[in-house]
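Each in structure tokens, the structures are laid out below.
The following pair of complexes shares a single chain, chain A, combined with chain B in the former and chain C in the latter.
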Partner chain A sequence: MNIFTGLINGMISGATPILLAALGGTFTFYAGIFNIAMEGMMLAGAFFAVLGSYYFNSWLMGILCAILGALLMALIFILFAVTLKTDEFVTGIALNLFALGATTYLMRQIFNVKGAFSNPGIVPIPRIHIPLLAKVPFLGEILSGQNLIVYLTIVVVFLSAFIIFKTRFGLRLRAAGYNAPSLDSSGVPSASIRTWSLIICGILCGLAGAFLSLGYVTLFSENMSAGRGWISLAAVILVNGNPWGIALISLLFGFTDGLGLLLQQYMPSQFTSMVPYIATLIALYFYSIQARKRKA
Partner chain B sequence: MQRKLISGISGILIALLIGAVIMLFQGYEPLQTYGALFNFSLFGLFPLATTLRNSVPLILTGLSASVAFASGPINLGQPGQLLMGALFATVGGLYLDLPPWLLIPVLLLLSMLGGALWSGVAAMLRKWFNMDEFITTLMLNMIADFFTYWAISYPFFDRSAYSPMTPQINLNGWLPIWGEFNSNVLVMILAFVVIYFVFNRLTAGYEWRITGQNSLFARLGGIKIDKNYVTVMLVTGALAGLAGGLVVMAGPHRFLKGLGANYAWDGVMIAVVANSGLWATLLYGLFFSAMQTGSLGMELITAVPREFIQVLQAVTVLVVVAGRGYLDILFDKTIARRKARERTV
Partner chain C sequence: MQVLIEMKDIIKVFPPNVVAVDNVTTDFRKGEIHAIVGENGAGKSTLMKVFYGLEQFNQGEIRYLGQTVRFQEPGEAIARGIGMVHQEILLIPQYTVWENIVLGAEPINFLGVIDRQRARQMVQSKIDEFQFNLDIDAKVDDISVAARQKVEILKLLYRNVSVLILDEPTAVLTPQEIPQLFNELRRLRDHGHTILFISHHLEEVLTLSDRITVMRKGKKIATVQAEETTKEELAEMMVGRAVLFTSHREKSNPGMEVFSIENLTYVDGTHHTRLENINFHVREGELVGIAGVEGNGQFELVNSIMGLIRVTQGKISVNGFDITNAEILERRRYISFVSQDRGKMGAAVKASILENVMMTHHRLNPDFTTWKGLILNDQFARQFTRQIEQQFAVVMGNQDNPFRSLSGGNQQKVILGRELLLDTPFLLLDQPTRGLDVGSIEYVHETILKMRELKRAILLISADLEELFRIADRILVLHRGKIAADLPTDQTNIEQIGYLMLEGKEKNLAKEAN
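Up next is the complex of A and B:
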């Protein structure tokens, strides 16, 4: 039983950053932006989360700074891809590398360390113990005592689905991706819808980053997003942006993450670390098989 | 050509200006910093030789990305292909015992084989299952990263070492060094010439280029797109693998953890900023290498951390690419205006 709850908890904490970033990505997906900058936004979020938490001695400021940091990346993306109409792919690649360079540079500049920064002064985001639920046998260990961001993420899933499919903004968002000229001619500038979608993406990636550096672990290390942004991009593409599908896929990836940790007893950790990426490839395989069936 | 030159140079100048502003903001001396940066990378025999040597992996991965992007496939797998190439060359160098004139070419071929094998996986996934190479190559990068890490931690681990690394390869597999100049530059130039010739003078290269520009037109013209796709993936993988092999054979002569550094991603950036042009890839590769080489001296003289260069590189890419589009519009406008004026006269 212990292994089982451990696996589920590992799945949840593995899925959370991917899910948040993928939900951000789904907004830009619907707005018709080829956004591959989630990786960079998440990394910036993770760095600024540690920065804020360390300097203000408060995890709340950490989350705020993470959001601001990721928003900064989103603003650069907006400046180049939306305003100056630079190629989105190019902007995304440059932004990811910019985030990698900038966080490494700033870590050295501000904390005077290389590789990783950990300090007892960094306040992690607390786990929330729900009084009544915690007493429920077995389920209590899963439903209660998760990180605050985990609960927030569940809310974000519902909210995203609601915003995208049930509100006027969501309709315009989908229109911006589906047929931008007709949205423009109806009097709603598609550029501003795109801008908003990127801002939302920045906020969610900031949260994802904050979870990585203040929830999953309590430190910042160079390139700590480690391809999670790419996995979240794969998740978005796999389910054509549907938030519910993304939640499911992210849990699947999270599961492989937890599974990898479990398998570490039986094989070298390098192989278990590969598991999420191999799972992504397998998921892509099933996606393409289905896509082919749909066509036929 | 002139346009490209103008947009490139003005872009670089603007990027350096932005870098200077950031430095001023942090209380550094921009002029002194840039002075040190280029002093330690361009002026003098040793700095120049070092810049040349360091440019090899950048230019080769850059060429790999340029050829891929210009021909259609979005091969972003250079990091993984580089690592696999390096691993293949290392393993060959550990177990083969041949005279230098034979071992060096064999190791170079092995490294190309390693890279091509890894890009071949992505190519096959695309060909058989129609899986987008854009994501599969990225995932394969991570897998290659962990796989090579495992390989140097267990099967090929140097027992006398404290951190994961292989023993040194056979002395006969070391690339010769003449004075300050490392012969890896010659291999790079050879690879560049071959790729340039194939890309611009052979039918195959013509087909790749046409497919990259307009795959529908290419297909209607009778070009076998699927076959070309696989070829381009294999060739670009081999280029990235070669970069990895050269890193091992010219530098530490063994596979250490973190060997690939950021070479391959820098190469992708170089291809992007060069707009997939081969000459431009070479020039930007040299420029990026100069910045990276000089950064050590810069850190020594002015205390600006070396990582600042990574930021500057990304800024350069963004500014040059954004500026390119903008300048094109500007040029077209002036030409149109001039024509309009001529007509009224």
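Up next is the complex of A and C:
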């Protein structure tokens, strides 16, 4: 495997969790929720994925538990921000901190380890080898042999764009964000649309978490989402929720992630792990310039 | 005609003890345009809201199509064919006309995908049926307020509503757009729809409706046939006393020049000339009116006088002081300003009445502060608020209540009180009676005329020509940023000014003679 395919594969696996979480975030973005809880949902997903996979000896159960864990976070968010109408930002912060504390605590209690839990009993999500694509010269190593979740993510991108822009649910979803009283007066309670958007977000963040702990690596470590939820939020805001734009931005972040790993050979890892975040700041800078141009 | 809706002894009490609707019994017939008139706070909107299910009534009975009904929410009313268009337009600006209309009742295929073709067809057929003249693919953001209102009405027609309740639909329209709306409403009536029309504009009500129900302080005063009543009679029923539609205007006796604008030109950021070579002056004890179709430079004129925009060229002065480039606070020493938008520029609606009264004064009048302007003098401010309350007959509860808890008329009285007690030589009044009911308008006009007697120089900008003819001494016509005419009120008439507003020049009499 040469450096090029290594870099591309690094980009894809770096982009996948960000992309999934960002697609979840775009549903809530269109529904008019300032949702910053993707980080916490993803972390909960990653932890429960390992838990499920380890105890049931099945990656499928791992994914299922990841989704349930992230959904639990989403339901807390729904209870507070939608039903009780607390501030979304404060709720999101609380949820992210709660997820960090709860997963760390549960890992120490259940597995009796500190820092990270890795065990041969954790079943990773398999890579899919597609016989025909694998034979494509040069690209075969990229097109085939990716993690199951990677292929799933590609489907989710198309599906998200379709649901948001073509279906009745999408029309109502965007209406909830653009002008909720108008949707309410049309006979559709915007609160129920918001609830559904958060449920979708929970499911997708759960998948993102499962990929982190059962695909990207096969272990759970404290705070292993490491800001990816925040980057996904940045991606959503940067492109105003457009699923195609999110895919592009996620690949860009994935690339810097892969680049960071590559650069680890030459400089301390503390510096290389800064790369995605610096890329976020740079992207924000260019975005603000563009936004100012559009206004004028 | 068949009675469609019967209301019997309806009572609605807002806790703790505000009786909004007080034992109202009335009926609405199928296929009529029925106006409900009354001052702000008379209970006309509340009466419609309890019918529509937006509010629940405490006592009484409503019968619709012979059946007793009590709608728990608007959805139930819509399902029975009753729809309401609210004052504030509730549409999604990012969506097209047809998307807005079908939202909530979209035709879909088995996959949940919107059937665009069928949706557009259904909307278009409704538009054709009632000749509404709308482009269904236009973005709502790009269409006029009048067109948006049509979309709201169509949204209900699309849901097969046959009883339409309209809450002050003309409040958001320009004078030119109103006749078109009225034609559409008449067409709906002729198709068998029933229209309930809430308004406090008596001329409109008289031209449009078949029957009129008058309400005052929650009670129904009478239901009359439109052709059998007059504006004066309606106004008396509404207010409870005779209302003078012609103010007694003393011949003005203007003194020395107070306010002047010389060669004023303003070019905006997109290189459009919004004001061009404006010249006029206002003398003490003189009331100068500015007429014009909205958007012909009134906004820019007000903003350049108040210092909200920097003029390109020219000079503005008060009492001989050049204020063209002065700080806003400096201008406020000479200018009292009533803005056209009470809720945005005129007041901070979430702040208390007391705080709103103090604004501007706390910077200009040292009595409002102690410690060299650092600490507000609460006691003095409260006393001053009481003075406004008494002098301007404001109905207010606690001074610490939020400003928005006041009714529209009382809000305007507080603003007028605050501004007029600044004791400045020059008053700038931008649409001071917009959205007020007849009683309040009369009060505002009296106050303005009183100020004229006190030798203040007054500039009044108004979209209401009758208002200008009632109180102004001189009328300037603004057309495309230029002053098209400057005429003493007693030497012109509404038709002439109306023509100048539209065309910017005098009617060519020679041509007419041919």
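By definition in this document, the second predicted complex is superposed on the first by the 295 of 296 C-alpha atoms of A that agree within 3 Å, B and C clash if a C-alpha of one lies under 4 Å from a C-alpha of the other, contacts with A are read in each partner's own complex, and residues count from 1 in each chain.
One rule holds for everything that comes next: a residue touches a chain if its C-beta (ideal position, glycine included) is under 8 Å from a C-beta of that chain, and two chains touch if they have at least 3 such contacts.
In this text the structure is predicted, and so the values were computed from the model without any measurement.
Under the stated touch criterion, which partner chain does A:186 make contact with: chain B (first), chain C (second), both, or neither?
Touch partner of A:186: chain C, not chain B.
Looking at A:218, would you say it contacts chain B, chain C, both, or neither? Reply first, second, both or neither.
After superposition on chain A, A:218 lies in contact with neither partner.
Touch check for A:169: first (chain B), second (chain C), both, or neither?
second
Mind working out whether A:9 is in touch with chain B, chain C, both or neither, as first, second, both or neither?
In the superposition, A:9 touches no partner, neither chain B nor chain C.
Looking at A:237 after the superposition, I want to know if it touches chain B, chain C, both of them or none. Which is it: first, second, both, neither?
So A:237 only meets chain B here.
Quick check for you: in the superposed arrangement, does A:118 touch first (chain B), second (chain C), both or neither?
neither
Among the partners chain B and chain C, which is in contact with a greater number of residues of chain A?
Touched residues of chain A are more numerous for B.
Check the residue A:178 against both partner chains and state whether it touches chain B (first), chain C (second), both, or neither.
Second partner only, chain C.
Quick one: in the complex, what on chain B touches chain A?
Chain B reaches chain A through residues 26, 125, 129-132, 135-136, 138-143, 146-147, 149-150, 153-154, 262, 265-266, 268-269, 272, 305, 307-311, 313-315, 317-318, 321-322, 325-326.
Provide the residue numbers of chain C that touch chain A in the complex, in ascending order.
Counting only chain C, the residues touching chain A are 74-75, 78, 86, 90-95, 99-100, 103-106, 108, 111-114, 155.
Which part of chain A faces chain B closely enough to touch in the complex?
Within the complex, chain A touches chain B at residues 76, 80, 84-87, 90-91, 93-95, 97-98, 100-102, 104-105, 108-109, 226-227, 230, 233-234, 237, 268, 270-271, 273-274, 277-278, 280-281, 284-285, 288-289, 291-292.
Provide the residue numbers of chain A that touch chain C in the complex, in ascending order.
Those residues of chain A that touch chain C are 166-169, 171-172, 174-175, 178-179, 181-183, 185-188.
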